[in-house]
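Each of the next two complexes has chain A plus one other chain: chain B in the first, chain C in the second.
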Partner chain A sequence: MRTLLIILTLALPPAVAAEDTGIVFIGGGDWGLPIVQEDTGAPGRVDDFLLDVRQVTNGEFLDFVRAKPEWRRDRAPGIFRDARYLSHWPKADALGEGNAAPDRPVTRVSWYAARAYCREIGGRLPTMTEWEYASEKQRETLGVAPEDYAHELFSWYANPGAGALRPVSQGPAPGLGIHDLHGLVLEWVEDFQLVLGRGDDIDLLTGSCGDTARFLPEFDEAHYATFLRFQSRSNYQPDTTTSTLGFRCAYDPE
Partner chain B sequence: MKLFKSPTIVTAALVLSLAAGGLNADDRLVHDGEFIVDGKIFGLPEARVYTEDYSGPPVVGDTLTAVPNLAELDYDGNRTHEVRMDVIAQQIEVAPGKFYNAWTFGGSVPGPTLHVREGDRIVFTMKNRSDEPVVITEPVAGGSPFFAQVQANPIQNNQPAVSPMPHSMDFHSGTVAANDKWQTIPPGATIQFDWVANYPGVYMYHCGTPSVLMHTAQGQYGAVVVSPKGGYPTEADREYVLVQSEFYLTEDDYSGGYRYDHAAAMARDPSQVTFNGHVNALHDAPLRANAGERVRLYVLNAGPSGTSSFHVIGAIFDRVWYEGNVENEWRGMQTVLLGASNGAVMDFIVPEQGSYKIVDHEFADAERGAAGTLVAGPRQ
Partner chain C sequence: MKPFTLTLMAGTLLAAVTQAETPNSGHAGHDAHAHHTPMLAEPVEHGHSLFHLDAAWQTQAGQVFKLEELAGRPTIITMIYGSCTTACPVLVNDARRIDRAAPDAIRDELQVVIVSFDPTRDTPERLADYAADYEVDPKRWQFLHGDPADIRTLAAMLGVRYRDNGDGTFDHSNVVTLLDAQGRIVERNEGLARPVEPIVEALVKLRASSRAAGMAAW
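And now, the complex of A and B:
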């Protein structure tokens, strides 16, 4: 399990710190979500935060399950995870090949389990705003054109490669020093249902059939690809687990 | 007049229903809270969302067929249909060499055609199995006729795929509160709800999860045929179901193959427009009839965004029942204009032996694949 070295992280340039600690410092700023919220007026403020450089792996999650056996798939209460929780592992406390290998991102974890993991190591799930802020800053840093961003996301949605996930954090960490924000698996965030309430459930005009225009400040492909992430995330239930949904943790600066 | 299910109005309900055709109104109401207005049932119970350990056939029900087939209704009066259509991802071909990972109901695009009778009740179950590979091209025990028909004519070369996404089901043939029955469920969840076929017609069903443009363009739609209680006033020799739809595909620079092209979908610039999900669907397996026969087409334009100017070259539609309702009868139509999600029942008499092209007379659509063939044999 990864250790927190926040002071060291703050003292060093992000890329160097990230290699050592697995955690990157994200400087805050004024910022609004890339989709329109009903109560949005002025841009919001994102405070400084720290974020895992990579997604949590099967190996790390196995350590957690061993330390907290109440989160084993054969012991975790049913209200905290659906029936497929960690079902890709050959055993409740053993890893395997392919998507169950130690270096692959852990998937088939519920929001409850992801939160418990982050709490256990002294962190928390990133907020939706933090995660999206990191995503946009990463795009800015890398100079990714909106069309390229959109096409890569649509390509991932078309063929997420869930049957054969690659290991996390291959090669040097790009941009802000964060691996796999897009293109490997989706990630839980703390307030994943914020924007659209409880998915379609909140009212007839929120998130219903055809009702996307008022969430999109622009109707280009990039905003649409981003909206698709918000929408699909918002329709998960906290006990949902899928083969394309993992997580990473965030931390408050001391 | 409103009739609520309560002891005080049972007599009135009986009198009304007997006058209307012999069905006991009280028998038609199944759940507390259901009521009848103008002979139609409303006030259905809330949908149930749950998890189930189900890995059986993704399509269950004896009146679910693969296009262009329509199941025969071999019962009198009304019945309840237990229908399952699971959401699964599937790689399909829509033109030679053009494959993409579709989001589907049951594994084909369009999905299975459900046939019921006006007044029938449907208990519908749908599991979101987008997170598991499901094979539909091998014999299925306990499945619907849909599977044997797909396997007999596997023009889309359906292959299992995994593409976890939240999805929902919206039956245009149902009259319900959409925020309840048509609600979105995540991968792994199951939804079950009732709807009653209150109105006859040719209806669209589709996924209504935002963005509905992408979910429908990805392949989540199909047809429900609700036959009128008294049938249609003519006797058809042949019946076929045609679903027109657009595909918006582009070559995928990242993973190869083809994928949804959002810019093209927004510009209404389809890469293919098809009848029954493949540019060759009605060429490789043309519709069949004989000279002098009355052919009945149940046509749905699923869109998602285009219109269809439906026409059969060499024939005139003797009768058209717009939206499939016998009250909406037209005679002698050369072309029937269908907006996105409009349907119609169209009869024509086959004039003589020969080949009859079926087209969207908006020729930009025909050139992109919206064409097919009916081959007519000699007069029998």
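And now, the complex of A and C:
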């Protein structure tokens, strides 16, 4: 029996270990964002970091709000959240059905609220570079072709709020052991306001195709799909809350 | 001490030059610091108090400081980093120009807060040197060192974008902001070496409206 257990343990993929702790280690490396900010000539570098396997759920956020009542929707100062903050919950301290159920990703949270949550549990929001790096490593690990990645994203981004949200982390964690990087809800990153190049006076939302092309080192579908994600980030204010925007936390290695 | 003095001189010179050449240009000084590109500021539309940010900062004197301590009097606030030799000295000088242009009775009560993006290098000791070089009133001027997460939060509240380039430099928006006595944003001046009048006039108006409301103070 003991032997069998050991064999079973050895046979488990690393993702399962991450599933237990809820946090996955992402090894760093040389890497630059797929959207050009400015070519400084120096290769980008991502340090090792830890990332939540799952998006933060309503249930987890309710625990936070109970521990930190200053983040209740009826108490959080207006500077930290817009009027729709947690408005899908039936009460300020109670969950409900559907998208307000405990196992659904929390949405309608501002950047300030997401950061306060992560800080409370000893983490932080991932940086944009970390998030994008995890996404790219996940794609590589899964062996998803760039065109397939693009097509999946196009169909999701075309209608991100379609229908009811499913629970987070259904089934085994794919790739690096991370659930729902794409396809459930979009996610806050720490430095979402840095989507543009250095001082470029360009509006990503209304930029021409020429502007778009300037940000893409390679003009293919996959880069364009990624660009759409950057474009959506450029539309947020730090107090913004939407039904399609949640978050997960990151951590520095000990 | 030397580098700070040089920085200060460079900044003052730059301010003088850009002011003389383009007094009304929206982005005065743009070309003067080509290796340091400003980032456009975010629009700020909220009317809420910044005093909600419950962060513990450290002043150049090494004392713990909370933004709510600014309550009761107006404040000029801007964000810089100490090893910046281009835009930042101009921003600090802009705050000082506003301070000097304000009527005496207002200046006596005006507070100025300079917050560093760079907590690693801008220790309170270093900020003390920096403050000394600017020869400003240490009772009214605070140079703040803070936690990286709090710096990012404050920047978001002020609509200031910045990026750590990893080589000791930061890209950032150039904004000087006036807060009222309740910590709300009253006026923002984006750019370098901009005319001081809009903020000085806003200060005078704030004073007048609090007087009209029968308040002795702000």
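Heads up, the rule we're going with is that the second predicted complex is superposed on the first by the 220 of 254 C-alpha atoms of A that agree within 3 Å, B and C clash if a C-alpha of one lies under 4 Å from a C-alpha of the other, contacts with A are read in each partner's own complex, and residues count from 1 in each chain.
Operating definition for what follows: contacts are C-beta pairs under 8 Å (C-beta built on N, C-alpha and C of every residue); 3 or more make two chains touch, one makes a residue touch a chain.
Owing to the predicted nature of the structure, the values given are computational and were not obtained by experimental measurement.
Undergrad: With both structures placed on chain A, which of the two partners, chain B or chain C, ends up touching more residues of chain A?
TA: Ranking chain B and chain C by residues of chain A touched puts B first.
Undergrad: Output check: A:F80 vs chain B and chain C. Expected answer is one of first, second, both, neither. What do you get?
TA: A:F80 contacts chain C only, not chain B.
Undergrad: Is A:Y112 contacted by the first partner chain B, the second partner chain C, both or neither?
TA: Only chain C; A:Y112 stays clear of chain B.
Undergrad: On the A-aligned overlay, A:Y224 touches which partner chain: chain B = first, chain C = second, or both, or neither?
TA: In the superposed model, A:Y224 contacts chain B only, not chain C.
Undergrad: Tell me which partner A:Q193 touches in the superposition: chain B (first), chain C (second), both or neither.
TA: Touch partner of A:Q193: chain C, not chain B.
Undergrad: When the two structures are overlaid on chain A, which partner does A:Q237 contact: first (chain B), second (chain C), both, or neither?
TA: Touch status of A:Q237: both partners.
Undergrad: Name the residues of chain A shared by its contacts with chain B and its contacts with chain C.
TA: Common to the two interfaces on chain A: residues 199, 201, 237.
Undergrad: Over in the complex, which chain B residues touch chain A? Could you list them?
TA: 51, 53, 100-101, 131, 133, 161-166, 168, 170, 178-179, 182-189, 208-214, 252-255, 257, 259-263, 266
Undergrad: Please output the residues of chain A touching chain C within their complex, sorted ascending.
TA: 38, 40, 45, 77-80, 111-112, 115, 119, 124, 190-191, 193-194, 196, 198-199, 201, 237-239
Undergrad: Chain A touches which residues of chain C in the complex?
TA: The contact residues of chain C facing chain A are 37-40, 42, 46, 48-50, 52, 149, 152-153, 156-157, 161, 163, 165-166, 171.
Undergrad: So in the complex, which bits of chain A are touching chain B?
TA: Those residues of chain A that touch chain B are 82-84, 150-152, 154-163, 199-201, 203-204, 207-212, 219, 221, 224-225, 227-228, 231-232, 235-237, 240-245.
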